[in-house]
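Quick heads-up: structures coming right below.
In what follows, chain A forms one complex with chain B and a second complex with chain C.
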Partner chain A sequence: MSKNRPVYEPFALEPSGRAHLVVTSLDAPPEGIEDSFDNIEVWTVKHNGPGVPVLAAGGVRPFRSTTELLAQLGHRLGRETAGLRFYAIGSEAFIWDAYNIGIVAGLHPSEISLHRAGPLVRRVYCSHCRTMIEGVPVNIVSCPSCEAALFVRDHFSRRLAAFMGVKVDAEVPGEIPAAEVFTS
Partner chain B sequence: MKLKIEAAGQLTSGIRKFTLAPVDGAVLPRAGAGSHVVLEIPGPNRVWKNAYSITSAADALAYEIMVRRVEKSRGGSAWLHEHAKVGDVLEVYPPQNLFAPQRKAKRHLLLSAGIGITPFLSYLKLPGLAYEMHHCCKPEDETAFRTLLPSGPEATLHTSRNTLNLEALLKRQKLDTHLSVCGPESFMDVVLATAAHVGWPAAKVHKESFGGATGGEPFVAHLKRSGVKVNVGREESLLDAMEAAGLTPPCLCRGGACGECKLTVLDGVPAHHDHYLSETERAANNAIMICVSRAKTPELVLDF
Partner chain C sequence: MKLSLKPQETFRDDYTFSNSDEAILRFPFPFPEDSYMYSVNMEPHVRGGASPVYNAMFDIDEHYVGDMADRAITLDQDPLRCQVLPHMETAEWDTLELLMENLANDYPEHFSLTKNDDEWHWINRPLDIDQKFTFGREETLPFGPFEYITRQVQGDFSLQDQRDNNLYMDGGMVTSQADWSLNFDVGMSFHEWHGPVPLAHESGVFDRALQYLLRMQCGKPVRRLNWTMTANPRLDTSPENYPLWGPEKAAITPENVGHRMCLRVELQTLYRLPRSNAILFSIRGYLIRLEELAKVKKWAVRMHRVIRDLHPRIAEYKGLPRYRQYVVDYFAPHDDGRVLNAGIGPEQDGI
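Up next, the complex of A and B:
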């Protein structure tokens, strides 16, 4: 595993916080978190869920997609006040998108915690045409825009929340190794 | 560098302000917001070196400082109040900055009390700084401090702690705000404790401390590499005693804030009075900030 892969701690709420906002790309929050502290809100993604992400009982607000959730996040953090702890749980792409929105909103890294959960899929950045390819489960992928056969390197960019994809046959043109499923 | 006292005047009964201008049209080094200078103050028996925050704007043609007369002053601030006069030329070390405005902050919450206002006066001169300031002072000093602050809603004066609801103030700050605090230790302690209580992360809380040295039991400092033993008296600091013995240990702020004067302790137990070392470093007892800290044991062996 390359050195720039972030390391994630198991999910736990920060007792130093006065309020907690948990966002996840999964359809349910981690078990039992609603009753662990008073001031918690959880944003989830429930595909085909209700059209309007209203706050339901237990402080859970279901969004229809991660896109919709992330689009609301900046506005929400802009209204928040000091003392908030922010948590993102889900795919590496999702949690780093959330992280970057948090930093722009003025959160300090010590106020944010990230946790990997769900399927081991990666967002891949085609370094040849700059296309982002979402949800890639294996280390060889064809770029849908420029059709390059890409090898997914272990190099993760926090800014892009993506792994670098480079031409697989850069060394020996035409030679494409067998794809391997990600194990981390 | 040599600077001349170009103007001097009383701000309050206990605070005197000075304008220090270059001699012979020399160029003054730029002093970014939050900087301080160290002045050499000529005492009858020895020279004092004290740090004072620069209250003027970064590109001003002269430095302005404000000096509070410390009650039991052994020299520096008393001399500046009683003897310093317009025309005097003082040796001044180039500005240092331990308290620059946080670059990552989009907004600044500035809290000060008494003389702790000084570093923030240079902040207020930064164009476009988004801030909210609250300053606490004695009722009799209100009029004087009022003249230093802008008249808008961004700066509020409090003459009693009751009018400043710290908890509510800290709770309503936006996420993009950093807190900076300067003033007496007791004031800063309350602010820091309240901030932590309502969930502020340490990384967004910044303070500048003006010292904290006190006298104490005399002790002996054994400077191993120099091969010298120095007696540190009840009323002098370890740094002063080393300088009096002809040594030139590193130092900048002389107030326990900058970290420059750190020495390694080889034997003996230091009594920490600085604001620089972390809790872990303090507990390890193998480093000492010689400008403010003393000894718990009769002798300290230092790597110098």
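Up next, the complex of A and C:
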């Protein structure tokens, strides 16, 4: 694995925090964490039928999509004062989106911890037409906008929370190797 | 410094680019030995040294006019090839000052700079530019200061901000790159933007290079050479336009490899900037067709050995496998087994 890839520690709450906000792109947080501290708030992604929200209960607040969750995150973090510990758990794209929102909201990198969980999928940036392709599980993917078959380079941008995709058969059109499933 | 400029030549479509005999002999051949491996091969960037391209702080050569016209075309098609993050404004003015002062000093017949406090007067004769402006006042220039001056100097540039004991690529002018994207890399830390390079991470090259650069001092620039190969003398070998230049690589044959294939050498120089404490990175590219390179005996022999024995992962990263054997075969007849002196000089006076 190339050294530019982030390395993630296993999830653990930081006891020195005054308060804890855990956001996850999964439908449930790590088991039992709601009960581990008094001042903990957990955001998840879950819906109850098409477009129907699940009501918040017991410190857990479900959103209908990661987009809805991230849209509210900046506002939520903007109201915080020092002492909050912020955790993001989920796909690499989701946790870096959350990280970038946290930095804009004024958190220090040391107050944020990121943990990758769920399926090994990547967000891919099409170098040619700049479209973002979500949830890609293999290293060759077709761009839905410009139709280029993209090879996913092992080159990750934290700013874009995406991997770089470059046309795989640019030299000889149609010369496309078999796709490989991501193992990291 | 005496310098005659060619009229406009092209780096795309009909590719009228060629090197004069003088340009061939001053080419910065990158291989001092018969084999190649990554290393932290940096040395002080002082005028003079193993190659004539070191004679100026920023080398201008006979291709200047066509080179700058090609940059303008690329920027017209994709303005995001030049980006500078907002906190780098001081570094932009640092860059403009460093480039204007050195060009006027090294090439007085082509460039001149007159200062009256903050009222500056810049003349660029080859590009027919006569600009009066106020230093520090962006609205007195037709572009931002970094874009304004790097539209007039050969080579790509990037701006590195230094913070948290790291370097961040927070700006650049990148129109003649070896397959990397400023739009993707902007804002990245040193190890992040070097992520795709094979082998060098494991051997600690980047850790050592970063430590070296963090301690760089103002007025003590450093340099190194890097290289790759390019099908046709194309400057814009960007990932964005790979669908345009990729087919040109596949069109290389044993018959046309000597004419179309080019060795592409980067003179990389780094400068600590005085006000911003940022680092300016200049990636000054030189192209030479293999048939031009073959006119220098020592280089032809050495090219044969270096390309033949290149580590497969380096060859792959540089995009060579498709035509590597053609290049080896092209130079093989030149290699009579002679022992070559170390060093990059041509060791001949004429072509």
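Operating definition for what follows: the second predicted complex is superposed on the first by the 169 of 184 C-alpha atoms of A that agree within 3 Å, B and C clash if a C-alpha of one lies under 4 Å from a C-alpha of the other, contacts with A are read in each partner's own complex, and residues count from 1 in each chain.
Keep in mind that, in the parts below, a residue touches a chain if its C-beta (ideal position, glycine included) is under 8 Å from a C-beta of that chain, and two chains touch if they have at least 3 such contacts.
All figures in this text were calculated on a predicted structure; none of them were measured in a lab.
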Overlay on chain A: chain C relative to chain B, clash or fit: fit
Touched partner set for A:17, first chain B, second chain C, both or neither: first
When both partners are placed on the shared chain, which of chain B and chain C touches more of chain A: C
Touching partner for A:74 - first (chain B), second (chain C), both, neither: neither
From chain A, separation angle of chain B and chain C (C-alpha centres, steps of 10 degrees): 70
Contacts of A:119 with chain B and chain C, given as first, second, both or neither: neither
Touching partner for A:177 - first (chain B), second (chain C), both, neither: neither
Which of chain B and chain C A:106 touches, first, second, both or neither: first
Partner chain(s) touched by A:157 [first = chain B, second = chain C, both, neither]: second
Which of chain B and chain C A:137 touches, first, second, both or neither: neither
Superposition-derived minimum Cα distance between chain C and chain B (Å): 10
Doubly contacted chain A residues - partners chain C and chain B: none
Of chain B, residues touching chain A in the complex: 104-106, 170-177, 196, 198-204
For the chain A and chain C complex, residues of the former touching the latter: 2-5, 125, 127-128, 130, 148, 153-160, 164, 166-167, 170-173
For the chain C and chain A complex, residues of the former touching the latter: 181, 183-188, 191-196, 201, 206, 239-240, 242-243, 245-247, 249-250, 322
Chain B contact footprint on chain A (complex, rising order): 16-19, 77-78, 80-85, 105-111
